[in-house]
Amino acid sequence: MPEAPAGTLYRGREGMWSWVAHRVTGFLIFFFLLVHVLDTSLVRVSPEAYNAVIGTYKNPIMGLGEAGLVAAVVYHALNGVRVMLVDFWSRGTRYQRQMTWIVVALFVILMAGFLPVHLGNVFGGE
Amino acid sequence: MAASTPTLAAPRSPRRARRPNTELYSWVFMRASGALLLILIFVHLFTNLVSGGGVSAIDFGFVAGKWAKPVWQVWDLLILWLAMIHGANGLRTIINDYATRTGTRLTLMGLLAVAFAVVVVLGTLVIFTFSPCPPGAPADLLPSFCTAG
Amino acid sequence: MTATATSPDTSAAEVPTFDVTLRIRRFDPDAKAPVPYWQEFTVTAHGTDRVLDAMHKVKWELDGSLTFRRSCAHGVCGSDAMRINGVNRLACKTLLKDLAPHKPIVIEPIKGLTVVKDLVVDMDPFFASFREVMPFLITSGNTPSRERLQSPEQRARFDDTTKCILCAACTTSCPVFWTDGQYFGPAAIVNAHRFIFDSRDEGATQRLEVLNDSEGVWRCRTTFNCTDACPRGIEVTKAIAEVKRAMITRAI
Amino acid sequence: MQTHNYDVVIVGAGGAGMRAALESSARARTAVLSKLYPTRSHTGAAQGGMCAALANVEEDNWEWHTFDTVKGGDYLVDQDAAEVMAKEAIDAVLDLEKMGLPFNRTPEGRIDQRRFGGHTRNHGEAAVRRACYAADRTGHMILQTLYQQCVKNEVEFYNEFYVLDILLDSDLTAAEQPAAGAPVRVAGVVAYELATGEIHLFRATSVVLATGGAGKVFKTTSNAHTLTGDGMALALRAGLPLEDMEFFQFHPTGLAGLGILLSEAARGEGAILRNSEGERFMERYAPTIKDLAPRDIVARSMANEVREGRGCGPRKDYVLLDLTHLEPAHIEAKLPDITEFARTYLGIEPFTDPIPVYPTAHYAMGGVPTTIQAEVLRSNTDVVGGLFAAGEVACVSVHGSNRLGTNSLLDINVFGKRAGISAAAYAAEHEALELPEGPATRVVAELDRIRNAPDGEKVAELRQTLQETMDAHAQVFRTEESLTLALETVDDLRRRYRSIGVQDKGSTFNTDLLEAVELGFLLDLARVVVVGALARKESRGGHFREDFPKRDDDGFMYHTMAYARPAADGDTEITLDKKPVTVTRYQPMERKY
C-alpha cells in the first residue's frame, strides 16, 4: 500500500507539552533506577567490584549524564506537584498554565543552584 | 406553601461498588507515592551529590557508612520500593497507551514485571543483608568504623 | 485577540478582502487506491469571513467534491470540528483574520476517529461512549406533579457542562484517545458530570461505576488539550477532576 | 436497495421529531430518520425561551397566552389550535423539566420566567414574564434533553439519512384528484444514506414529518445551511397543499450582514434598539410595549428607520442593539452566548458598545397543513391516513401570520407529542400498506440525472441568485412589482435547475449531490412563497405589502392553500385555494401595542 503523507503534529499548549515532558522524564528515571539499583547491588559482591564500577562513573560524560538525571528528577518532581495541585486544588485547573511556568522557573533556579556545584565536583573534584 | 429546595450531598445514590477500584487506587497511589518520593529523593540526592564531595566522593566507604545507620537503610529501602512501584505503574500506563496490539502489550508487561521483581528483590536483599565490613576486604576501602573496633 | 482592536465603526465598514490559501488534507474513499493527500486552494475572503466561509467558497466555486459536515454556521450545532493549523476548532467559529492568513491555513480531520471522506470522520464510536455514561436524568420514586425544585446555586453547580454540543473537539484532541480509542474521552465524562452534579439526579453511583472502568476517568493525564479545544469554553479538565474527586470520596 | 418495516417512521430529529419519537417509540416500533445527527438539528440554535403560563413569578393564565398568540398572529391563527397549545404549554414545560432540562431557577427553586415580545398580562396591559428559559440556550437544552431521553428509551435512529420521497397509495400529483372523502394513505418513505449513497425504502403505517424550516430560501437568515424545507417540498411534490407560505418571519435582531440571531431575550432583559441619532425609535411605533412589540412590527420599524436614512454605519444599513446600560454580570448570566456571538463574529464588546443588527429571515409560519391531532390535510377537510406533521414544517396555524417569540419551542413540544401519540395510535389500528410499484424510481432517476449531467448548471450560482433575489424582493417590504420580479427570477432558476450538475460523482458522503437536491426544494418553496405573496393583496403579520399597507379582513381573512398541479408545459403550476380561519372567542380587532 502506498505510504500516505503524514498529518501534522497536534499543536497543543502548555498542558500537553508539560505532560509529554513528564512522561519522558518518568520513563528515563525508571530506567536509570534499574541501572542504579543493579550497580549499587555490587556493594554486596565486594567493595572492589563496587568501586570499580562506580569509578567508571566518575568521568565527565557520566557526570553530565548524572546532571541530566537530576534535571529529569527535578522537573518530574516539580511537575508532579503541579499535577497534584490540578487534581486536588479546586482552582488548580484554572491556573495550570501559570503553574507550568512556575515549574519551569523553579526548575531553572534549582538547576542553576545545583549545576555549578555538581559540575565543579565532576570536573574539579579529583 | 413556602417552597424550599432540598439539599442532598453529591453523589446521591446508594453505594453499590461492583467494579474493583484498582485504577482508582493506582491513581491515588501515584500521587501519594509521588509526594513521599519528593522528600525522599531530594534528601537522597542532596546527601549524595551536593553535600560532601558530590559524585566524585561516592565509593564503597560512603555507601557502607550510610547504610550502617538504620535510618538510611529504611530511607533507601522506601525509595527503592516506592519508586519502583510508582515507576512500574507509570510504565504500565505508558504501555497501555501505546501498545495497542494485545500481544505486544502482554510481552512488554511481562518484561516490566520481571524487571520490577528482579530489581526490587535484589535491592531489598542488598540493603538488608549488606555488611559494611565484609571480612577479607582491604581496609582502605571500608568505612573508618570497621577498623576502629 | 482582535476583539479589542476593532471598534464598531471599523468592523462594519468596508472590510478589506484578501486572498487565503487553504491547505486541506483530502481523502477520497471512492478512488482506486484511496490514500490521503494534501491539496491547496486559494480563494478571496472578506474581513469577517470564517474558515467555513472559505471552505464553502472552495466547494461551491472550485471543487464540489470537497466534503465536510456543517449546519448552523455559528458554533452551536457541533458539526464542523476539524483541525485548523494544528488544533481542533469549529470552522464556523474561527475567523480567517485571526489565523495569520498570509500563510496557508492547514486543515485536517479531527484525530483518532476513522476518516470517511476528506474532513468527515465516523462519529459512531464517539456517540457510543456518550451513550455509555447514561447521559439522562435518573430518578426514583413518583414523579412530582409540579417541577422538581432546585435552587439557583444547585443549578449553577453543573451549568458549565450543560453547554456541551457534542462536537468531539475535546475527545479528538486528547493524546490518550489518539492512541487508545477505547478511552471514554472527555466529552463522555463532561456529559456524565452534567448529571452527577445535578441535584435532581440519583444515578451518580451507576455513572461513577461506569467511569471507574480501566478506560474511564483514570485514563486522563490532565493534558488540557480538551479544555483548550472546547469551542463552548467548558472547563473540561476541571469537570474531569471533579468526577475523579467524587469517585475518591465515594471509595473512601 | 434495502427495505425496512416499521409501525412509525419519523422524518427529522429536531425538537418536534424527537418529542414525537419519545411518545411513539413507547407505543409502537419506531424509526427516526434524520439527515443530521439529532443533536445537530437547528432546534439547538434556539435561544430565548419557551413560554407557558406557569405563573411562577407573576400572575398569568393560559387564556391570556391564547389571546396574545392570536393577536400576535394578526388574527390569522386557528384559535382552537392556539387554545390547545396554550393549555398544554404548562405540561409541556413541566415534562421537559422532569426529563431533566436545566431551566434557570427562581430563588424558591422554581422554573424562572422572563419577558418576551408580544406576551402580555390581561390582554395587552403590560409585558408579562412567561418565557421559561435556560440562559440563552433554551433550544440547546431542549434538543439535548430530548436526545438524552431518546438514548434512555433506546429510540432507533437512522442518522445522515435524507428522506427524498413520501410514498402515498394514490397519485395526488395528477390533475384528477381522488374524490372528497376518499381514503388516501401513506405507505412509507424513500431515503438516501449519505455514508454509502444507498437508497433505503421504509415501509411504515404512520409517517411523521418533522423536518423543520426553510430559511435558506433567503440569503440573510438565522437558519442553518441545512434548513432547506425538505419536508414541505416533499409534501408539495406529492400533491399535498402548503398553507400560508407567504408568511415568513423576519427576526429584528440578526447580526448585521451575517444574520446570526441575537435573541429577543436581549430586549426581554432590557436591551434597547437605537437609530443613528441614538433615539429609542420603538417608542414611536409601539408606545405601550416599545422594544418588546411582536417581531413583524419591530422588524418593519427597523427597516423603516434605515430606509428613512436613520441607519447606522458607513452605509447606514443597520440599527443598534444597545445593552451597555445593563449590568455586565447580569448580561453574562442571562445572555452569555449571544454576547459571545457579537464578540466572535463582529469583534464588538457588548458591555461597552452597541451591536449592529438588522432583520434576518427566521421562521416559516406556513407549512404542511395539519389538524390539531397533527394529521396532514390533503384538502381543506380531508386528511391523509397515517401521515402526520409537527414543528416548523407543519402549519397547525397556531402562529397565523406572525409567530410570537418562544411559541415555536412550545409548538414543537406540544404538537410533536401529539403527532407521536397520533402516529402510534394510527399504527395500532391499521395494517401497513404494500409499497407502490417501483417506489424509488422517481428518486433514483432524479439523482442519476443530477449526477450525470455533463457540465450542468452550478448549484452555488443558482442558489445565490435565488437567495439574493428573495432578500431583495420578497423580504420585509413587498410590492406587486418586486414580487413579480422575484417570480420571474425563480421561474427562470427552476428552468435552469433542470440541467443542474455536480462535480462529485462518488457514492460516499456525496454532499455535493445532496446540496443540489436541496436547492430543488428551495426553488419549489420560493415559488410558493412568492405566488402566495402576490395573491395576498393586504398587509398582515409578517407579510407587508407597501402597495396594500392595511390589513383587509373582508378580502383576505383566510389561509392560503397552495397546490402544485400539472401545467400545460409538463412542469407544475401553483394553484391557490382558501381555507377558513377557525375563530372561537376573539373577534379580529385592530392590532396595536
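Of note:
Every chain is named by a letter (A, B, C and D) in the order it is written, and numbering of its residues begins at 1.
As a working rule, a contact is a pair of C-beta atoms (placed from the backbone, for glycine too) under 8 Å apart; a residue touches a chain by one contact, two chains touch by 3 or more.
Chains and their UniProt names: A = Succinate dehydrogenase, cytochrome b556 subunit; B = Succinate dehydrogenase hydrophobic membrane anchor subunit; C = succinate dehydrogenase; D = Succinate dehydrogenase flavoprotein subunit.
All values derive from a computational prediction rather than experimental measurement.
Here A-B and B-C were compared by C-beta pairs in contact; the pair with more is A-B. In terms of Cα centroid distance from the overall Cα mean, chain C ranks first. Here the CA centre of chain A is 16 Å from the CA centre of chain B. Per-chain CA centroids place chain B at a distance of 40 Å from chain C (succinate dehydrogenase). If each chain is reduced to the centroid of its CA atoms, chain A and chain C (succinate dehydrogenase) end up 34 Å from each other. Centre to centre, using the average C-alpha position, chain C (succinate dehydrogenase) and chain D are separated by 27 Å. Among all residues of chain B, those that touch two or more other chains are 3-5. Looking at chain C (succinate dehydrogenase), residues 149-151, 154, 201, 221, 244 sit in touch with two or more other chains. For chain A, the set of residues that touch two or more other chains comprises 23, 83, 87-88. For chain B in complex with chain C (succinate dehydrogenase), the residues that touch the partner chain are 3-8, 10-19, 21-24, 26-28, 93, 96-98, 100.
Considering their complex, residues 138, 149-151, 154, 176, 179-180, 196-197, 199, 201-206, 208-209, 212-214, 216, 218, 221, 244, 246-248, 250-251 of chain C (succinate dehydrogenase) touch chain B.
Residues 36-37, 39-42, 44-45, 94, 97-100, 102-111, 134-135, 137, 140-141, 144, 148-149, 151-152, 195, 224-226, 256-258, 260, 313-314, 318, 337, 341, 343-349, 353-356, 458-460, 502-504, 506-512 of chain D are the ones that touch chain C (succinate dehydrogenase) when the two sit in their complex.
Put simply, chain B touches chain A in their complex at residues 31, 34-35, 37-38, 41-42, 45, 49-50, 53-61, 63-64, 80, 83-84, 87-88, 90-91, 94, 115, 119, 122-123, 125-126, 129-130, 134, 137-138, 141-142. Interface residues of chain C (succinate dehydrogenase), counted against chain D in their complex, comprise 2-9, 11-14, 28-30, 48, 50, 59-61, 63-65, 67-79, 93, 95, 116-117, 120, 123, 127, 130-131, 134-137, 143-144, 146-152, 154-155, 158-159, 162-166, 195, 198, 200-201.
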